[in-house]
C-alpha cells in the first residue's frame, strides 16, 4: 500500500478497535450491520460496493469514499464502470461533490497501480 | 397508473415543460445530462437506476425516489434486490431516511401491482 | 389523538409492518437498534428523546420530529425545555430549519392539549 | 394572492406568532437576525434575496424557496435573472434539487401573474 | 493541551477575532446567540452540550464535534454517557458519520487524559 | 500566490485534467456547464460568484468556498459585501457553517493581500 492508504487504514483500525471495545453493545451491532450490508446476496458485492460508493459521494465523505473505492477495485470495477458510477453521483449531487470526485479518482488510480504491481489492497 | 402516481407524473411533466422552454439553455443541457446518466453503458440501466435510487434515498428526496423506483421496477428489480439496495441506503444514511424508506416501499408495491395487472408504468 | 397524528401513526405502523415482514433481516435489526437507542441507560429516556429531536430537526425530517416530539411530551419535557432544545437546533442548523420548528411547535401544542385532556399520546 | 400562497402565509404567520411569544428570547433574537440579513446594505435587497433563494434551493427547503421567490419578485427579479440564479443552484446542488426547481418555477409564475394583475404579493 | 487541540484552539480564536472585528454587527450577534444557546437554563449545560455534540455529529462537522466534546468533558460527561449519545447520532445519521465518530472518540480520550493529569481543557 | 493557494490550484488542475481525459464525455459536459453557470448574463459575474460562494458555504465545502472566494475578489467584491454575503450564509446555514466561515475569511484576506501587492490570483 502507499503511505497515505496505509495511514488511512491504520487510523481506521485503531479507532474502530477503541469503538468496538468501548462497552456500547449497540454501536458494535451497528458496525456488524454495516459490514453485512455489502455481503453477497440478491445483489452482488460489486453492485453493493458501487451503491456504497455513490451514496458516500453524494453525502460527501472522503473516508467513506476511500473505503468503497478500495473495495470496488477488489471487485474488479473497471475504469469505465467507475466513471459511469461517479457520473451518476455527479449529476445527482452537483458540482459540490467535485472535490470528492477528485479524491475518488486519486484513490482509484492508486488502487489500480497497486493491483497492477501485484500488491495487496489491504 | 394509480391516481397518486398519475398526479406525480402530470405535475412533473407540466413543470419540466415550463423549465425546458424557459429559454435557459444551460438548464436544458443539465436535464439532458440527467437523462443520459442512466442510459446503458459499461454499467447496465438496472444498476444505474439502483445507484440513482440509493443516492436519492440517502439525500432524502421523495420525488426522486418515486422516479427511480418506477424505473427500477421497469428494469425488473425484484423484491429481494430492492430491499438489499434500500438496506445499503438505510445503513449509510441512518434512521433519518426511514420515512423515505416507507415511501419507497409504498411506491414499489404500487408499481409491482400495476405490473402484475399488465398495466403500463408510464 | 387528533386526526393528523392518528393518520401519521397509522401510515407509520402500516409501512413499518410491511418493511419488517419483507424478509430482509438486516433492516429488521436496524429497526431494533433504532428502538433501543432511546432506552433508559446512563442517559435518561428524556435526554435521549431530546437528542433524537434535535438531530431530527437539524437534519430536517418532519416525520422524525413528530415522532420525537410525541415521545418528549410523554417524558414530561416542558415548554421551556422544549424551546431551549429547539433553540440549540435553530442556532446549529440555521433559518433553514424554521419550517421544521413551526411543525415541531404545532405537534408539541397538540400533544400538550391531548395530555391536558387526559388522552393517550399513542 | 392565490389560495395556496395565502395558506402558506397564514400558517407561517400563525406559527411564527406562537414561536415569538413562547418566552424564549434567544429564538426571538434569531428571527430578528434572520429578517435583518436581507436588508439593504453594501449588497442590495435584490442580490440578498437571490442569495437566500439559491441557499434555500441547494438546501432543498420548499417553504424557504417560496418565501424568497415572493421577495425576489417584489424586487423585480425578471425571468432571465431568476433562471440564471436557479441554474447556479442546479449546477451546484445537482438533480436532487429538480423537484424544488419545479416548485420555485410554479411560485415564480404565480407571483408574476399576481403582479401583472396589480395584486399585492403580501 | 495536546499540540493538536492547542492548534485547533489557536486557529479558532485567531479567526473568530478577525470575524468579530470585521465590522459586521449581525455576525457578531449571531456569535453571541451561539454562545448563549449552551448556557444553563431549564436544561443543564451538560444536556445542551450533548445536544450540540449530537447535532454536530449528524451534520458531520469535525471542528464543531471537537468543540462540544471538550465542553462535554468539562461538564463531566462520562464514557458511558458519551457513547450513548454518540449511538443516538450513529443510528440517526448512519454509517456516513462513522469517520466523525472516530474523531469524536479520539478527542474524548485526549480530553479525559488531560483531565486525569489535572491539566486544563482550555 | 501563497503556497497554500498554489497547492490547492495545482492539485485541482492535475485532478481535473485526469477527470476530463478519462473518456467519460458526460462528466466533461458537466464540467463545461459548471464553468458556464458563472459567466456574464442577465446577472453579473460578481453576483453569480456570490451565489456560488453562499451555496458552497451552506453546503459546507471548503474547496468550493476557496474557488469562489478567489473569483469574488477578482470581481472586486469588497470586505463589506463579502461579510454581508457570508452573513446570509450564516443565518441560513447556522453555526455549523462557522468553521467554513473561518476558512472563507482566511482565503479572502490572503486574496486581498495578493491583490494589494499587485500579484495575480491565478
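To keep things simple, chains are lettered A, B, C, D, E and F as they appear, and every chain counts its residues starting from 1.
Throughout what follows, contacts are C-beta pairs under 8 Å (C-beta built on N, C-alpha and C of every residue); 3 or more make two chains touch, one makes a residue touch a chain.
Not measured: the values here are computed from a predicted model.
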Graph separation of chain D and chain F (steps between touching chains): 1
Both chain A and chain D are touched by which chains? B, C, E, F
Looking at CA centres, what chain is most distant from chain C? F
Rotation angle, chain A onto chain B: superpose the C-alpha atoms of these two copies and give the value as a multiple of 5 degrees. 180
Note: chain D sits from chain B at a C-alpha centroid distance in Å of 28
Chain D to chain E: how many Å between their CA centres? 32
Rounded to the nearest whole Å, what is the centre-to-centre distance of chain C and chain F, using the mean of the C-alpha atoms as each centre? 38
Indicate the residues of chain A shared as contacts by at least two other chains. 26, 30, 33-34, 37, 55-56, 58-59, 64, 80, 84, 87, 90-93, 95-96
So how do the chains connect up here, line, ring, star, complete, or something else (other)? complete
Residues on chain E engaged by chain F in the complex (per definition of touch): 11-12, 15-16, 18-19, 22-24, 26-27, 30, 34, 55-56, 59, 61-64
For the complex, give me every residue of chain B touching chain A. 33-34, 37-38, 41-43, 47-48, 50-52, 54-56, 58-59, 64, 78, 80-81, 84-85, 87-89, 91-93
Looking at the complex, which residues from chain E come into contact with chain A? 60, 79-80, 83-84, 86-87, 90-91, 95-96, 98-99, 101-102, 105-106, 109
Sort out for me which residues of chain A touch chain C in the complex. 26, 29-30, 33, 36-37
In their complex, what parts of chain A are in touch with chain D? 58, 90-97
